[in-house]
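Each in structure tokens, the structures are laid out below.
In the two complexes that follow, subunit A is the common piece, with subunit B as its partner first and subunit C second.
== the complex of A and B ==
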């Protein structure tokens, strides 16, 4: 029982890891918490649903198309909204992201209605392994997220683009006078956030169903994961997501399952009281 | 200056913040190649604003900035670096969360079109600052103030600039490091780079500068060879009574 909960918790955490990574990237580089992350996840899941269910494209390819579409949507949001408000401070950008969130969510609602949709995938029998029940969706989630996390870590720590992103996160003015164009880095960051949120939207749609509130259901756990890891720390976001996923699943041992979101709120509350910089936030060198 | 094209030429430069008035109020300047020009002045005279405007971090309201014949006035800070104008800010002049090696790599990674950037330039710069290359995996944020200043100089020089803008390189350093930093500025000039040095530490700046420009209330109050400025003149200079 506990082992099954731990397994489910790890997979839930992995599902949260991609949007938490997207959230922490935009926070580190663009210096504001993007409240549209949930809506971007929702729109990504609808984009994949259109490709998969309406156009009959296999889900893996549909996910790639959704990721590309969301990269474009995210860059469009930057061009139309965030880039124009960049010098107005993080509070203005935060409020703007709430507006973008409402727009994206209602685009889905007006276009496809409130009813839930499902991807066209065959129902498969779960795998049994040492008494554990492992769904195919869980395996797909684990493989996709681990691959994305490895690729993101390689991008951030072993490529010129990653160095430029970390430099802009550290000191945007200095990055500019070292030859790094801030707008280019900003656009690429939005592009990556779009791709990560779309892929997590597909995984979330497989786990639950596609509906206009899909992203909203994940919004608080995503923020809790990113804050727990230390906003701005990609490694922290992944660790934070795993901890939140485990805590939510294990909470069902002592709490009714419909109260599980209390765990995320409790984690945010505890962190604000005890360690506001999160688990990895204090690692940044400031002198 | 006659007969020699200036490395840095500024005409009618005006700039300021937001909707406020001009902080830099129409500065004209021609600086000879391979010279050190010290820009000094009292607090609030617009020295840092002037150098930030030259670097492109602040948009000019009027005027032009020309580097070795190329008008860079409308270029982004990144494009200005590629045009030969490097800048070392006063504080936070290295990426503290990146290693020394990453700081050095990043200094040239996005300047592929810039002539002279490459292994030869790197070798030349590392010869100027041999202490920098010793611990490439150390986080730059863990360096002392003097070491960070050297790393910042090295990063700026890797871009093979024609003109190097330095904003108060001695700020926050102990007297020993101030001497080392000013010595490094001289070495940079000797390597063929034109240096515009904004300094609060006037005595230190005068020791290395070829010329001095005094800014008062955003305007050029005086421009003379450094050897013609004595310590006794300084108070009068700062209150714009000289010249």
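== the complex of A and C ==
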């Protein structure tokens, strides 16, 4: 029973890891929390659903198309909104991201209504292993996320792009002096955030179903994961996501399942009381 | 038609109250509150639960007090950090309130909600003309809140709040209690949101969780941005115009056959989002920019530096 919960919790956590990574990347470079992350996830899942169910493309291919589409959408958001507001402070940016979130979510709702949609995938019998029940969706989630995380870590730590991103995150002016352009790096960051949120949208849509509130339901856990890991720390976001996933699943031992959604909120509150810089956040955020 | 206008004006009054509260929190004090809907719902439910035993006035006051306490607690937890954290915590608060309202059935009636909420001044007039009384009550409430908040904003308290918003470090260096000031502003705003919730409950006499959706929060932000952050007059104007524009979309449904209810709701929320983004991009100071006050406005008899 507990082992099953731990397994489910780890997979839930892996699902949260991708959007938490996207959130923390944009935060590191642009210094504002992107409240549109949930809506980006929703739009990504709809993009995959259109390709998969309406056009009949296999889900794996549809996910790639959705990722490309969301990369473009995220870069457009940056080009049209966030880049123009960059010098007005993080507060303006975060309110603007809420506006963007409303637009993206309601484009989905306007086009496809409130009803839930499912991907055209075969329902397979779960695998039994030492008394544990493992769904195929869970396996796919685990493999996809682990692959993405490894790729992202390589990109961030062992490539010139990662160095440029860290340079801009650290000190944009100094990076500019050394020829690292802030706008280019920021566009690439948004591109990555779009890809990550679209992929997590597909995984979330497989786990639950595609509907306009899909991303919003993950919003608070995503933020909890990113804050837990220390906003701006990619490794922290992944660890934070796993902890939040475990906390959510294990909470069902002591809490009615209706209250599961409050768990992440409680974790955020506890963190603010005890360790506001998160697990991996180096810089103190205290004013 | 009269009934429709009354309805519209009461709705404008509710959202003007919410907007005025957010204008104090965000416009004047610079504290982002994405959990507006949570405070309004808390106020409405407190009124609904407490009014039958205590009477409507005590119910409303208790609702305001409860919201002020909740705001203080949230502010104490997160306000020392960057404004980003307050925004996240308030979103979480809004969701937590929604889940509590849905699940604590013994107190809130769950998804069914609470009916038969007592209304103010019911015994004074015949039910047929009660609408007018409620309208006057709403307008009086807005007028009182507007006056009090405007006095606050013009007082030394308001001046320090703006200083804290513009540069907290400088204000702290001058010996101003930044944390305390922020908590006070957030608590007062929370109390006003509670009053808005009470008016919502009095108007509908029946509340359930589905009435409190994120459109309340989105609408309040739109009203504050459109009116001009920090300007209460602008806010009233903003709240009125946007409500009129949003109501106009209702007629779109009759004009365009293809649009159904869900699409209409999506269209409204999407337009609010678009409005927020466009205003921030193109006219960040809003329709009425915050009045620039000089020394002479505060000390008319003083010769001052001139």
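We adopt the following convention: the second predicted complex is superposed on the first by the 282 of 287 C-alpha atoms of A that agree within 3 Å, B and C clash if a C-alpha of one lies under 4 Å from a C-alpha of the other, contacts with A are read in each partner's own complex, and residues count from 1 in each chain.
Note that in this section a residue touches a chain if its C-beta (ideal position, glycine included) is under 8 Å from a C-beta of that chain, and two chains touch if they have at least 3 such contacts.
No experiment lies behind these values; they were computed from the predicted model shown.
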**OP:** Quick one: on subunit A, after the overlay, do subunit B and subunit C clash, or do they fit? Just give me the call.
**Re:** fit
Original post:
Does the superposition put A:166 against subunit B (first), subunit C (second), both, or neither?
Top reply: first
**OP:** In the overlay, work out which of subunit B or subunit C sits against more residues of subunit A.
**Re:** C
**OP:** Would you sort A:264 into first (subunit B), second (subunit C), both or neither based on which partner it touches?
**Re:** second
Original post:
Of the two partner chains, subunit B (first) and subunit C (second), which one does A:113 touch, if any: first, second, both, or neither?
Top reply: second
Original post:
After superposition on the shared chain, which partner residues are touched by A:219: those of subunit B (first), subunit C (second), both, or neither?
Top reply: second
Subject >> First (subunit B), second (subunit C), both or neither touched by A:95 >> reply: second
**OP:** With both structures superposed on the shared chain, find the angle between the C-alpha centres of subunit B and subunit C as seen from the C-alpha centre of subunit A, to the nearest 10 degrees.
**Re:** 90
Original post:
In whole Å, what is the nearest CA distance you get between subunit B and subunit C after the fit?
Top reply: 15
**OP:** Pick out the shared contact residues on subunit A: the ones touching subunit B in one complex and subunit C in the other.
**Re:** 285-287
Original post:
Which of the residues in subunit C come into contact with subunit A in the complex?
Top reply: 30, 32, 34, 77-78, 80-85, 87-89, 91-93, 95-96, 99, 102-103, 168-169, 218, 221, 225, 260, 262-263, 265-267, 269-270, 272-277, 280-281, 284
Subject >> Of subunit A, residues touching subunit C in the complex >> reply: 32-33, 35, 81, 84-85, 88, 90-92, 94-96, 98-103, 105-107, 109-110, 113-114, 212, 219-220, 223, 227, 231, 256, 258-259, 261-262, 264-265, 268-269, 272-273, 276, 285-287
**OP:** Could you please specify the touching residues of subunit A with respect to subunit B in the complex?
**Re:** 160, 163-164, 166-167, 169-171, 173-182, 284-287
Original post:
Taking the complex as given, what residues does subunit B use to touch subunit A?
Top reply: 55-57, 76-78, 80-82, 86-87, 89, 92-98, 102, 105-111, 139, 141-142, 155, 159
